[in-house]
Amino acid sequence: MKRLFTLLVVLLMAFSFSACSSPSSSAAPASSGEAPSGETKEYSFKVWCADNIVDLTTKQLNDFAAEHPEYKLTFAVEAVGEGDAASYMINDVEAGADVYCFAQDQLARLVQSNALAKPGVKASETIANENTTGSIANATFDQTLYAYPLTADNGYFMYYDKSVIPEEDLDDLSKLLEDCVAAGRTFAFEGTTSAWYEAGLFFGTGCVSEWVMNGTDIVSYNDTFNSDAGLKAAKALKEIVTSPAFVSSSAADEFQANPKAAVLVTGTWAYTDIENILGENLGATDLPNFTVDGETFHMGSFGGGKLIGVKPQTDAEKGAIASQIALYLTSEKCQLERFDAVAWGPTNKVAAASEAVQANPGLAAFALQDNYSVPQGQYPGAWWDLGKVIGSEIQAKGAGATDDDLKAILQSYADSLAGLLTMDPEVARAWTVIGSVLGDTWSTDIEMAEDPEGVWTTADLDLKAGEEFKVRQGLSWDNNLGSDGPGGSNFVVEADGTYQIRLTVGEDWTTGTVELIAK
Amino acid sequence: MSAKTEQHHMRMSTKNRLSNTVIYIILILMSLIWLIPFICIVLQSFRVESTGQVGYVIPKQWGLDNYVTLFTQTSFPKWYLNTLFIAVVVAVIQTVIVLCMSYTLSRLRFKGRKLLMNFMLVLGMFPGFLTMIVLYTVLKDLNMIMENAVPGLILVYVASSGMGYYVSKGFFDTIPRSLDEAARIDGATRLQVFYKIILPLSKPIVIYTALTAFMAPWGDFVFARYISNNNSAGMNVAVGLWSWLQRDTISQRYTLFCAGGVIVAIPVTLLFIALQKYYVEGVTGGAVKG
Amino acid sequence: MTDLEYLKLTKTQKFVYGLKKFFVSIPRWFANLGKAIVNGIGGFFAFLGRDLKEIGTTFIQGDWKTKLSFLIMGFGSIARGQVLRGLLFLLFEVVFIFYMATSGVYWLGKLSTLGTVGPHEEYNETLDQYVMTYGDNSFKILLYGILTILFIIALIYTWRLNVKQNRIAEEILATGKKLKSGKDDLRSLVDDQFHKTLLALPLTGIIVFTALPILFMILVAFTNYDANHNGFSNALFTWVGMSNINQLVTWNNGSTNFSATFGEILTWTLIWAFFATFSNYFLGILVALMINKKGIRFKKLWRTILVMTIAIPQFISLLYVSKMFSNAGIVNGMLIDAGIIGFDGRIPFWDDPTLARVMVILINIWIGIPYLMLIATGILMNIPQDLYESAKIDGANTTQQFFKITMPYMLFVTGPYLLTSFIGNINNFNVIYLLTGGGPANQAFSTSGGSAGYTDLLITWLFKITTVDSNYKLAAVLGIAVFVVCAGISLIVYNVMPSMKNEEDFQ
């Protein structure tokens, strides 16, 4: 039979699943859920939320369905951590949830994967009117509102064991560490495993790290961690991570580990667990001050929130209901219910102002720390890795690390950031001249050729006095060289003549020296 | 026996006794190291005073609460049945497939045999994770993901099982070829040779194959997680228990995780210990051949 | 070197000789490969020419049944009474035409661009909604495009078989013999053609669920499939040629030194694989010898305790062990309680790069010894006892016996196992991922993606690049690199170790 059987089985099988995915089903929009007129329309929604609010959310969704008898709605609520939701959505947007909760730092990834439907114009207005300004900023990316604010408490502050830490030491990092060591208890702070926490020290000394992103592409950034102020923060970080009491963790369980923690830096989500462990000894307050070289700073932090996202729908009506569900789940009523159940801080203005919310110790501590917090914008994924290793590198150097060691670590961090801007090798090697030269008005790039390696030159150009130009990389303004370095002012031609413009590229492939050579 | 040899024997036995004592000490130490983690897990599963991770091993309050919760308030029974079903089905089908494959490549000579073996050798050197996203899409088109992940997982495990023929082939290689030839001369077809002569001799390798196939699905937390795509109904125990160790769940679910781990480990361990003898015979008959 | 001289060499010298021979033979090997490729291509065209000629002859000399079979596959067979064969051919043709008409043509047409229509969004004012319309799906176009091509190749092959069948049938009939009936065909499937029956199912599975996905991923290395171009919901992906591969081999690309990271992770992967393989190997044998020593009691008990690590799923045991050794884990806690270390002397098992690397190797021993112990137990029983008897008569003591008899025998028998185990350790995902997750973090790696750390192996890095960064194109490149590494090592070992070559040797 000449292998015919083998072949046939292979192909029949191959065929069987090829056929299931005939092009029409994937290329055309999915069939809309239109029902014959006269019947109530049926829609089912998949909803993802954190494990501890699954029951509550199910109840709230049923309330919503009861308020909308014009539809027949069914819900499937699944537990997904806010940190993981984005990964699942990005893996397969099609199969993802229709409505889902996620942590704010995932916003850029989700927008980039097109996994978020923008709220409609009217919905956006409602959101803007009902929620606190900070929480709306959390849900905004590139000047566009993409999600529905769910909580306003995604930041960190300090929990401590009252039986170990005297109240007068709460404002002093060094004393806190001493108390911990003296009591044989740990000081838990994610100082080597998370840029989210480590950055707090740098914000405390006045450093900034701001990024302008386009999807995952970095447009520009301003990061001052590698500075004198940054060095002070690095010294404080050294004090923490080289302390015998240090543990890099933010888990509530540190309070019952061996050795137990006396201080833990984490957020409101851990409140209930810590209360169960410490009971009356639970204390919560803002982060301490730290003193470096005689100067005292208050530890800063990131402030952010959790959001609800709606998946883009091909069926307009289903999308409209999903949007209403998200609005409902973030309404005053639902946020208060959630606060009662799991003490999540509301974003809704009315709910946030309510007495109960104001009186909650965890949220109160968060509010105290919020005065020193930096709103969490968007960061490239690699920034989180780069920030994280500042702490682990300092720890590796140990308590004996000198200022020069710390500077080297910060320098290496800054170099890596610059490296993030580097484009594809092809783009990196595409240097051009652009300006008001040769009768052009900053619209046409003049080619430069690489010869020898690392040196780019133009052909001979007839330039006139007063003409201005810049040298840029990859046909974009992301990286351009002016007379005083990257992003600087234009080069100005001083006298008429025939010139060659020559660029010698630096080792990092993003900077270089530009010369105007008269012929 | 002369006095000299007797003395020699005595010296030997003293020396022997000494070395045996050393060996006993080493073995006891090793047993402790090997058992401590498992004992800890079991102890944690009986802790009722708190649900998170703690810094001590012996519970302050003992109880079966975790086990009760596990079976009454979580999806664990569903995950457990999913996994058991997958494991049994995969064990049966995979054994058949591996036997077919290895028997053919070991006993039968045909055109393209070497080519086929090289082809599979080359395929085996690509990391399996790469294909995860492709298999996901294929299974999605077959509607075998999320709540239907169980048949999907079975399909994928079974379909790629032919690649793991090496140990089994090594085993068949050790059975003398003359047996088949004698039977062929007596007029038996190849099929008859297979099930009348070779199979009865192959008990260790059949059990070995079935046992390894049965054990694998219990520990798959990567591919199964990808395919179930966070749908509780389609999870196996590994994915389900894994989801309890995430940052926002571990404080409430850690002791449950330990209890779940114990329930998973018991049948697999018992089965393995019971069939250990065959495992050794199978693996030594086969693995050494590569 | 003559055979006699070779035999006189010691083991080490033989090994060095083999290694030298291998490297000396590399140029020749490549020359041969080149020659083989040229010959192969030449041979292929010669074959094609001959085959086309034969097809022509078959058509010209054949009767009307044969001629019609060129169009309707299996017609000749059916007309000549071989109904079963004929129907299968016909069925295949019908299925093929149906498939091509319904979807094959569509996928094939889009394969060169991987789709042209991306997703787009429109605002619906009445419902206050942004409504999504999805376009092509690059992923599926690539996947089913490949499948369609395979399908076409299969059709050509089957069609050729069908033509040949007619020729053979005509020849047989011309000599006046009878053709095989369907019953004969079926009978041959359990006898002469038994291998086809046995292999049909396993091979189908391997082709569809292993080979096809691997082919797909190799092709992905030549596209821009990543988080910014996921092929469906945000933007389509398309062919980009060699630019991803270039990223791996270009040394200087700003400070995003991807290839340097690759080099360091590869080095650690090989170091890890070496220690993981050989530490397990020798310690496993040692443990087996101890347990099997005459006079040691409770053999079964010791063995059973050790094999617990095999029986209990690793995600339970390794995760627990990982937590035991954490900074505030049970081990540090117990050491403090016992007064062995002070509170300030807690051991940073997972925070210190070197210590973390040592720890993963040590814990891997915990996982690996039982396997080796079992294997070695079996092999030790198989060592002919008379070898030891004669050694004893020659006055060899236990240590000498071990090095002269046990080890050489073990090494000879387990050579291939060592290789597979080495390759297995290069790809040992579980131990690294569950214990350290790749950490501690490494500043030098941090711009290369995937949050690579000091203990990351290529395989865990690849996994993180896939799941954390969704950078599939890079993962595909890394996958190919892992393949090259594994294949390279296997090639060297196969050439240096003569015992690997002949599978019949062991029988």
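Note that the chains take the letters A, B and C in the order they are written out, and that residue 1 is the start of every chain.
Convention: a contact is a pair of C-beta atoms (placed from the backbone, for glycine too) under 8 Å apart; a residue touches a chain by one contact, two chains touch by 3 or more.
Note that this is a predicted model, so its numbers are computed, not measured.
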Chain whose averaged C-alpha position falls nearest the assembly-wide average: C
Of B-C and A-B, the pair with more C-beta contacts is B-C
Between subunit A and subunit C, centroid-to-centroid distance (C-alpha), Å: 37
CA centroids of subunit B and subunit C: separation to the nearest Å works out as 19
Using Cα averages as centroids, what's the distance between subunit A and subunit B in whole Å? 40
Which residues does subunit A have that touch at least 2 chains other than itself? 21, 91, 257-259
Contacts with two or more other chains occur in subunit B at residues 53, 55-56, 138, 141
Give the residues of subunit C touching no fewer than two other chains, as numbers and ranges. 140, 197, 199, 201, 203-204, 208, 328, 330, 333
Within their complex, state which residues of subunit B touch subunit C. 16, 20, 23-24, 26-27, 30-31, 33-35, 37-38, 40-41, 53, 55-57, 97-98, 100-101, 103-104, 108, 110, 116, 120-123, 125-135, 137-138, 141, 155-156, 158-163, 166, 170, 173-174, 176-177, 189-191, 194, 215, 218-219, 221-222, 238, 241-242, 245, 261, 264-265, 268-269, 271-273, 276, 279-281, 283-285, 287-290
Show which residues of subunit C lie in contact with subunit A when the two form their complex. 85, 88-89, 91-92, 95-96, 99, 102-104, 106-107, 117, 119, 121, 123-124, 127-137, 140, 144, 147-148, 150-151, 154, 157-158, 161, 165, 185, 188-189, 193, 196-197, 199-201, 203-204, 207-208, 227-228, 230, 232-234, 243, 246-247, 250, 252-257, 327-330, 332-334, 336-337, 342-346, 348, 351-353, 439-443, 446-447, 449, 451, 467-470
Subunit C to subunit B touching residues, read off their complex: 139-140, 143, 187, 190-192, 194-195, 197-199, 201-206, 208-214, 216-217, 287, 290-291, 293, 295-296, 302-317, 319-321, 323-324, 328, 330, 333, 366, 371, 374-375, 377-379, 381-382, 413-417, 419-420, 423, 427, 429-430, 458-459, 462-463, 466, 472, 475-476, 479-480, 482-483, 486-487, 490, 500, 503, 506-507
Of subunit A, residues touching subunit B in the complex: 17, 20-21, 48, 50-52, 78-84, 88, 91-92, 95, 251-253, 256-260, 269-270, 273, 276-277
Inside the complex, what are the residues of subunit B that reach subunit A? 50, 52-56, 136, 138, 140-143, 145-146, 226, 229-232, 243, 246-252, 254
